[in-house]
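The following blocks contain the structures, represented as structure tokens.
Shared between the two complexes below is chain A, which pairs with chain B and chain C, respectively.
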Partner chain A sequence: MKKQSRHFGSRFLLLLLAVLMMLPIAVTLVYSFFSPEEIRTYMATRNSYTPGSLMEIRLVPEQVSLMQYYRLLITDQTILRFFINSALYAIAIIAGQLLILPMLSYGLSCFRFRGRDLIAFGIVLLMVLPFQVTMVPNVLTLRALNLLNTPWAVILPMLVLPFSAFLLRQYMLNIPRELLEAGQIDSAGVFRCFLQIVLPMSKPVIGTMIALSFAECWNLVEQPLTYLTLRTDLHPLSVVFSQLTENVTGIEFAGASLFILPALFVYLIYQDDIMEGIQVTDIK
Partner chain B sequence: MFRTKKVWFFLMPGLSLLLLFYVIPFIGGIRYSLQDGSYANLFVGLENYQKLWSNPMFLLGLRNTMELSLICAPLLWILSFLFASGLARVYPRGVFARSSVLLPYLAPSSAIILIWQLVFDFGGPLNRIILAMGGSQVQWLSSSAMRLPIIIMFLWRNLGLCTIIFLSAIRAVPVSLYESAELDGIRPLRRNISITLPMILPSAYLVFILSWINTFRIFREVYFLSGSYPDQAVYTLQHYMNNVYAKLNYQMVTSAAYSFAAIVLVIFGVLFFLQQRASNEINE
Partner chain C sequence: MRKFALKGLIALAVIVLICIFFSGTLHTITTAKVQLAGAKSGRFETKITMTGSLYWPKTAELLVEGMGSDDTLTVSSMNVSAGSFVRAGDVIAICDVNEFDSRLSSLRENYAAKEKEYLEQERKNSTQLLSDREKEWFNTYQQLQDAVQNVQTLRQDLHLEAWKHGITLGDDDLLPEGAEQEELLSLSEKLAQARKDEAAVRHSYSQLMRFGISDDTLAYLEKKAQLEKEMKQLNEDMMALRMLQLRASSVTAPWDGYITAADLKPGDQVSRGTALVTMTAQDTAPVIRLNPGDNKRVVTVGTPVSLSAEGQNVDTVISGQGVQASGSLYLEAELKREHLTALGGVSAISESNSVTGTISWRSENPSTLVPSSALRGTEGDYYVYIAQKTMNSLGAEKLTVVKKSVTVLGISGNTASVQEELRGDSIIYMEDRTLTEGCEVIPYGNP
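Our next item is the complex of A and B:
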């Protein structure tokens, strides 16, 4: 019992921080049940620069309303259209990564060959380089292949997300070597070893990879802005949303909630994987 | 460990994409930064770099990006370490606290910007608190004060992932190490620094690198709040790159990218060296 009381201070601080962190998302969800008119009136009280005139803090709607969702899903489907763009990018990129990255990391962790550490270190370097740098090589190739202003411009460079490759490799390096050797003695080939030992054992890190890649794909901003300059119709919602809500429409919070919802699902599915999947032994 | 040529089958898809979109054009692109961009494409040596490094907008963007990363990365690193060690001690299985910090990482920037616009409004909750404490209201979103909202948004988004990486590393530290510390009566904070930190060095290093490279994405929040030409205090390198890229000035884009790559890689080199030295010391 003494232990309990000693932790009271930290317990309170941690919980307070946790609640504060959740607040922006929670308030977005709450506001999505205000009627569009109420949101419009409320948002109109922004940007008043008279000192002392404060905005109300609203957390309860005058009347719970589903009107925002109705308009969003039925009357005006603009947000929905770009939401589908976002979903298609996310599906294409994650599916591609699932095909490519576990294989790459298997090769870089369970095999020994000349140049292996060099390639692995190259991936770490690539992970460090920010978009401001990698956009140049990407654009050069995309331009040469005539892929600028097509969906491929966003998808293809993302398929080899260095951070995912790095996490997968780190995890696979921790798979007990004895297991692989046992597989070898059973004369299971490298392919069966991959499918029957390494892949099943890597489930947590693959779940982590999916969740983190999803976060990446659901929040694409720089890539569409640079690679799809002429085709704004191909932009994902992550770019368009702020333009659509520049002029208050009254349905932006339902839009935002709808946009956040898949992230919630992805988190719920993969939360345990994320706790187990990130294992770092040595960055080299 | 396998030693067989079959490894190239696994490496091929990933490696060829890496080579095609990153490595080859990265090397091939160097020549753009050395040409004058005219029809004849004359070789001009380092003239582009000279022009770039005397361009006030480039210098402004670079300075802001570096300053923001210098503030944000260490801050995020310290906060997530404290938060993770608190969680590990107080809530060994704390699902709520863990979820509430990780969700922001998955929520799209453009959806959540609506709430931030309210929070930092001239009449919004933050100024309300400041007034209540006897201060005077600040124009957070339209002046050089914008750095604070940007930093808060950055911390909010990235705290979760960094905390989780720390947390899973801390959990792997043998409990017996702490028991002797408890007997010696070492305070929790000192215990974290002198026992936990050396044990989780690779993860701590990864978190620092991640925090640091994520600071280069601060552009997103700035872009959603104030478009392509924000206040001078938050004009980032990505703004400069996007604006010259929109003018199809490939010479300046490539020179800027390679200059930035050099800076980032040098800093990474220093960090890498420090980490290697620290881990050697611990192992001895």
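Our next item is the complex of A and C:
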């Protein structure tokens, strides 16, 4: 009893924080079951509340309705098309990262060569630089390659995420050298060691990398706005939600609920890997 | 949890793909499809369309001249049919006088017999020499007979004519006072003159009576006069028969015109009064008689009208109007020969309602013209639906229906004239389901 009462305060505080953090998601889910007309009417009152007083928040619809989902999935294809754009970008970026980053990290961790640490430092440096610093060089490079306003303008710069490269390298540094040497004794070459020793052992951190990269790719906003100025049809859904005005269509909440689901599923798939990967890399 | 999440991700992907795949189809099915038209600026044209057919204002029957009551002809050939155009002098038909040879032969025989009798009498009385007095007496005697006959004939004609007019003649066949009929006055004058002539001849005869004439001489002279008369009549009959045969062998058109009816065919019999053909009267042309129906606009003579038949069009003018026996109005459109030819000929347009006539009027000032099927509502409360492009917050464009009231200036056929400026608007004039204001629509052929 004493133990429980000792932790009551902290648990209450944590619970409150959890509720506050979950509130936007819960409201989004609840509002997705409002009818589009009710949502439009409610959103129209958004800017008309008295300053200093709390805005009315409705949590119960006048009539539960699946019309938002019906319009989202059947009648109005707009959000689905942007959703597909987001999915394609995420799949393409993650596939590219899976192709490049493990090999990059393998090279930077398991081999000693001149400039290795410098490159590693460069990766760390890129990790801390904000997007706005690299934005202009990226635009000039993409324009020189005639890739602006194409999907490759979003995909290519994201193929080498510094944080993912760092994460993988740190993990691979902890792989025992004896395993690699044992493989070399058995006449395994560099690439075979990578494929049959390093990669299987790196599964947890690769899962982590996928989950974290997915989260980043799924929430792209600045890159599409910068690199796809003339092709708004190629924007992902995250950009669309960031530019909503007071003229709502009434199906945005259903769209947001749909938008949450892939990220949620990916996290659930790689949940164990994320925990394991963080523990092994000593990032606590 | 991992398996559940993986299945959920796959299910989500499948649902999204299926929805993407079928949403276009469902959107097309559930959205109203419309036909759009743009408003134009122009002068409003009102049209009336009428049907009609060929009409012959005046016709004349073509008879063979010189036919007696006993004469009959047989048609040998008919060179025209209804609708043919003939010029003056064209041979219309060829006929033969029935029993021509036998009748002519009989007349010749009779004439020969009479001539023989005449000559025989002359021979018998060749010794008789007539004096001038006797000749004069006989001539006067014959004149008196003719004068009396003439008076009797004129008297009968006058009485008949007076009876027709309901007038009772006085003593001595005098007209009552106030009678002004031209025929009666003319006959009365002729009767008076005939009586005077009779009186003069009678006076001459009475003066010649004292000289006297023997009975034999009288009988001879009477017989001689009779034979001469009979021979003369027989001669005239032969001439008439031969003239008739000549005319019947080549019946020609008296003037240029159209044959309106030609019912006789080879072998048919023609008697006195039977028309060979019926043709348009001299200096008359056919017209197209149009039925304006319930049209309330005034159409005057000279109004241009466009006629169409058999896929051809000609422009002419209204040449007349009137009221039919049934009480309905009609308009007549002038028809020249080239118009008739252009419309396919008489046979093509003589059937009932085979010709369409259109008269159009244009307004003086331009207005906004829209399809008449775009007008909705009732008189005095008309409105149109306009498809307006709207963009939602996601940047998706769609067409939504907007209602707009209009003031209608006039409707004619497929076009309506409205007061409001609608150029630049896409007006909905046809849809596949009931529309309401604010609903989404998609244009036909462009989903």
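Here is the rule we go by: the second predicted complex is superposed on the first by the 262 of 284 C-alpha atoms of A that agree within 3 Å, B and C clash if a C-alpha of one lies under 4 Å from a C-alpha of the other, contacts with A are read in each partner's own complex, and residues count from 1 in each chain.
Assume a contact is a pair of C-beta atoms (placed from the backbone, for glycine too) under 8 Å apart; a residue touches a chain by one contact, two chains touch by 3 or more.
In this text the structure is predicted, and so the values were computed from the model without any measurement.
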Q) For the three-chain model obtained by superposing on chain A, do chain B and chain C clash or fit? A) fit
Q: State whether A:173 touches chain B only (first), chain C only (second), both chains, or neither.
A: neither
(Q) One more residue to check, A:135. First (chain B), second (chain C), both or neither? (A) first
Q.
In the overlaid three-chain picture, which partner chain does A:232 touch, first (chain B) or second (chain C), both, or neither?
A. second
Q: Using the touch criterion from the header, give the chain among chain B and chain C with more contacted residues in chain A.
A: B
Q: Would you please give the vertex angle at the Cα centre of chain A, with arms pointing to the Cα centres of chain B and chain C, as a multiple of 10°?
A: 120
(Q) So in the superposed three-chain picture, is A:271 touching just chain B, just chain C, both, or none of them (first/second/both/neither)? (A) both
Q: Check the residue A:29 against both partner chains and state whether it touches chain B (first), chain C (second), both, or neither.
A: neither
(Q) Quick check for you: in the superposed arrangement, does A:83 touch first (chain B), second (chain C), both or neither? (A) second
**Q.** Distance of closest approach, chain C and chain B, by C-alpha atoms in Å
**A.** 12
Q: Across the two complexes, find the residues of chain A that touch chain B and also touch chain C.
A: 240, 245, 252, 264, 266-267, 271
Q: Sort out for me which residues of chain A touch chain C in the complex.
A: 73-84, 87, 232, 240, 243-245, 247-249, 252, 261-262, 264-269, 271-272
(Q) Per the contact definition, I'd like the list of chain C residues that touch chain A in the complex. (A) 1-2, 4-6, 8-9, 12-13, 15-16, 19-20, 22-24, 26-27, 30, 392-396
**Q.** chain A to chain B touching residues, read off their complex
**A.** 7, 10-11, 13-15, 17-19, 21-22, 24-25, 27-28, 45-49, 51-55, 57, 99-101, 103-104, 106-108, 110-113, 119, 122-123, 125-142, 156-157, 159-160, 163, 165, 177, 180, 184, 189-191, 193-194, 211-212, 214-215, 218-219, 221-222, 225-226, 229, 237-242, 245, 252-253, 255-257, 259-260, 263-264, 266-267, 271, 274-276, 278-283
Q) Where on chain B is chain A touching in the complex? A) 1-4, 6-8, 10-11, 13-15, 17-18, 20-26, 28-29, 32, 83, 86-87, 89-91, 94-119, 121-125, 127-128, 131, 136-137, 139, 156, 159-161, 164-165, 167-169, 202-203, 205-206, 209-210, 213, 216-217, 219-220, 223-224, 237-238, 241-242, 245-246, 253-254, 256-258, 260-261, 264-265, 268, 272, 275, 279
